[in-house]
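Think of it as A, B, C and D in the order they're written, each chain with its own count starting at 1.
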């Protein structure tokens, strides 16, 4: 690694402690177990905390048994905790992946707005669903940040929970000195896309690997953009116009075309449509991109969105536990180590000073996006070393994209303020200002109030009594 | 390198062309020959252009004979050119290291101001000497940029010439789409310093290598600062207060103490004094740092500066050809390949997409220093890949440091304007505003006019007739 | 006026020349004649230029005859010109009020979008109608600015034409040193509103005059905001919550309620609804405010907008010449001097150094709105003196309002670029990004292309051949 | 005044209360009495508080007796208070003019630095004297602000005390919602200067009054600049080059020339020299301007500064009570009403909503100087109305001036932080960074420590025990 001018200092790190908040639904926890089991230069304890203690216990048992496997090179012990502070005490890393019970929350986030004609493809980031989820999450993330402040102020917190931007921002708002990053995979398929483009257009390119692609990532989580891409010194952006023509017409599907496909299918239709409109490629799954602007989801029935090669994820899929996330097997005897594609281990190794690592992540703005305000959470490339996170300069956003992104940044900041003050009237301002909320104001207020009412037990940190909007 | 999430695409590059402007004085040219001779995955032609054609020819012959050595793994041919445009035509890289004849220029830059009581430790960056040198360099760098625009607009230009900031800025001012960086070594000794600090204070640290040290570099060339340093996850900045106490009193020398020492000695006395004053470590040689603020060089005799462990470099040393730069041997039979410590080859390999490289360099600000204006040339860390240069966010400067740095940035921008307009009255504003110029205005004007007069043949691009200051 | 610390220098100004571009439709021209006829300390020539020379001649004759009236104290002669440059030559002031023939332009701007379900209450500023109008206007305003540069570079240009922001911006984009302001009356009724509020809530207030009200105006033309209001030291904003409650419910009308009312009726329903949403009062007529956000005009039939106490202005009213503008009488024998409420004379007197004047106006941003970019045209209060226009600091915009305003600012800047480059594809970006354009992209493109096609003769400065969007 | 579009609301205001802090030295207090005695539309009580109660009592008696005069049209009663909170309770206005006993403070501020070769022409704003004075003043101004917060939070506070910027900033730092302005007269002579210039160069100009001159003021107190000036529509800046030539050579005096002149003489020598250097006219007395840059006061003896037509004000003049301030007579029988030239009454009348007023004043930056940070106290023109203070946009500062001004802004902010934290080491950073402090660091530290030691009883709010610099 000395070619990078970077140290290759610590050879390994033992006696680490990883606090894990959430994970009861197993997906992420099992992936972490899988990855730790294959990592030979880190060892220590994983302290599992979940509001569902039994789920944490099951994960702990699973983890300990995996480590006993003969093909496990990692040396980790797993333990379930009943209290978050005990789990996080003296942790070196804190991993967060939490989710409220979908049947009590996510289901309503999706179904109730549909009664008002608002359809969401995902519903976990923006729009009515994402807004309500953000309000629920803020108090939870304040508690995590407060616990980190007390128990392990120097730990690195790795967040996987959506709404990514608001959750990560809440950590910093509660404890400004926290070391936290938010991780998301939505950009990886774009490296694969550009690898294909390299193979298609660059004569010398064959079997190009995703990791050989260098892209400039910028924006906010799920409304991310790529404005430069390179493979081995070849500017791949040069080929995008040709690739766009090849992919036209956009949209290229009909309602009904996606009937048999996975809810998580993605054909880069909206990504390229945004490129066609604004000259910059959208860089998240089309399901996410669609929710940030009003025009794709101004539909009258769920099928219509299939024109763009995607489906709505219905609430039934959420409650039934269908999920694109990671391995779900809980039977140890069936378990096989796999290449997870996750980067948590590389990130930990980098932050421990073992080996530098570059990836895209969510982090407070300190100039990496030069025309967004300081401190709001943005998504860009960053270099991770023993010194911590150093964002890479991504420059500013083109004006039109800036105005779209800024609107969401504003809403996210408003939600943080509302969440910290427990002020639902303030929160409603962000709700009203969301591009998907094109309702008449009284209908918007009714929808907002109904959602809060249905999920009332998750709004105990809010002042419902004095909120005009919920009355 | 895939751990970095970076490609490892092109395995090698042949048929490259490197245009070389300057180098007649041999130092840098021979270093490049040394480094190319040891690089096995690049090959092609080095086209040498110097105003002194014979010097370029001597370098070409030297280079070709070195490549014939049996221990040379590189495959390069060297050729001298009589015209810059032919030398640069279709180049992939352009290397610049030019200098006016010291006996006609540098000598006066140093000696004349001394008659007015202004002493400079170096005199090539700021102060009267640096200002005059900047004015001479701007037309030359415009010409280089114009030639690049015509002959090799996509080439990467690597500048080694001082005043680094102004020269690099002039390239962009003339040809905004140029790809240019400015390289300087002044930060490397600070990595060595921090390696020592690691060894001294971190129990587990032994034989720490410079390259294992990760520092945050920020500022402008020769007035650079380090505000974070890490070795293998250990925050080395934590030990700076203790190290400062160990080094006190500052200054720790007496006039006369440096009598027998090299003009390029450095004891980090001023670097630590700046840390003591402002809480941030100065990060260039003390000889350079001293020139950016008024208080170290407000001396009455050359010896006084020795209190800070440095000497003035007298003009005699400049004219006599003493130089800290690189290998000077011109006899091929005596030549031995050495580890030059230069990074040009690594940088070329990175920009060709062979292997990413991180270093500190001078580059237009696009947010890497968040509180300096866009486009002014700043020095920070950057990542180099096939995609080009991506600066790493360094954040803002502390207020007091900001005001000192900003003053020089202002002067540098004024000099660029003056140089592009040929306006010496405008240039004199920057001269007057330099911290070392504490003369009465009429004396400052006289000094400025005398310097321009003595070096008149180098000011043909300026409108001397209408300049009030030179009359 | 010396109490203001302002001079009261020039007592009068004679031999002035006012160039008048447009005015053939008489409204504005007659108002100016009315005002000049009553102004005793200015005199000179009004040079009338209109693409319809006969119209200009009629205005000239009308003006000259009015000046002959015994109750006319002004001393002005009026003359019609066949060429703009002759009319503007050596002018001290240039007044612009131009409009393309409504039956060939405005009619389509309104009717065609309705076929796509897009209804506009006015259609001259934003939305499909405003966008197309902006594109038509930019070349015309470039010509005016170029003529000013040649014929009267120091003149003050007073623009009355919509789209106000784009027209004024086009003047500065063509000739950056121009002295131009844009005037609009939409804020005046708000001073009347606050006068009423003073009378209602402040015990000591009786018969409060509009001019006694001091409001802080900020935003862009027709999307202006008032965030502070005072009468004689009484903070009138304190009473807005109470006034809002008094006015609720909002909207307070039903479809059909406005059937018999003027198209220009205004009941501050949207202004107060915006206050309710964002805490700041919208400060333009509701007809205008409604067009800047998507939610008021997401209607299925024209009547629906009547819930907000306003009507759509149908194209028939535009073609038929119905207009809220000023006196229409052309028969001199019927003419009576009136108090026009216009400020052009006061503004001229101020700029001539006779008497300072404070009003709100459209002007390039130099910090008056601290969080909008430099140079974009904004609307705020300003002080006019012999020194020129000095904007009054209005501070920044609240985040949510900022994001709405910024979106339009972005579109306006895009339109300027498109207009100067003749690039309709670029213009279409702004069209697509307009909040009222919620169509599917292909429908939006069709609508845009149809509008350009119908008004083709007004798009001769655009490159239709290479515009993808119009094929 | 309706020509200005401004109200002319309240006709008068009675039962006002003006709290007066300081004034024991009589100058300002007597001026206020003089002005109130001649103002017929305001009446009420003036509550006098001074640390020297007897002085306040003398002022009260004086004021009451003046009001009894037959030619007094004002109706005010004066009362001395022993506590500040009682004096300020329910005040409408608070006037501050305080000064520590010169023999215990100011004397040392001037004399001790001279031992180190640092001469100050005034010593109350920047440099060693101004820095020490700022440190003494901050705790006093915090107390005033805290008292205002408790006793009269809506009052307008008018500060006359130096260092103006730091005192005014301290008020806002302690109580961000305070309504405070800082007033200074240094700009008025420049209006007189421009009146002369108008008379000299504009043919039609005769007997031009100061108040007829409209200038754009910008900068920080005592380091203010004028970059535009107008009389009755005539751009007076056009004549400055000619006027500069007329005044050359600069400096135009010799040491000794000022021997018999007043300490407050001013010949605009430095103001014009700054114009010659930077193209913008310095706009404070030369005595003040000289202290903000290093080159005028780098003298070896007091007489040398006389080259610039000014004198050092020696400490003897300060202790002896010589002062340029206002009327000093305390014998009522000798008292005659005069035109004071002060604007306090006009300002109060404006803020009460009686009549708008425009002047230059010190106020937190909200964009009036577009390239200085928000909230720092700057000096520009402003409009005062019943709504409060609205700064007029002054634009940015030219780069070179910006860097000089910014340095002082940085120091002032550092002093505020140091004063609020009681941190003398932090204060010493500002001291060291002052342009007049060109001493070696150890000498600077010694000087700083000596000043603090001598004035120790005024530093009770500082943590002397833990300050490294004072040991």
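As a convention for this text, a residue touches a chain if its C-beta (ideal position, glycine included) is under 8 Å from a C-beta of that chain, and two chains touch if they have at least 3 such contacts.
These figures come from a predicted structure and were not determined experimentally.
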Using mean Cα positions as chain centres, tell me which chain lies farthest from chain D. A
Can you work out the whole-Å distance between the CA centroids of chain B and chain C? 55
What is the distance, in whole Å, between the centres of chain C and chain D, each centre taken as the mean of its C-alpha atoms? 43
By the touch definition above, chain A meets two or more other chains at residues none
Chains touching one another, given as label pairs in label order: A-B, A-C, B-D, C-D
So, in the complex, the side of chain A touching chain B is made of residues 1-10, 208-209, 211-214, 216, 228-235, 343, 346, 351-359, 366-370, 374, 381, 383, 385-388, 390-396
Show me the residue ranges of chain C that touch chain A in the complex, using the header's touch definition. 273, 277-278, 294-295, 298, 399-400, 402-404, 406-407, 410-411, 413-414, 429-430, 432-433, 438-441
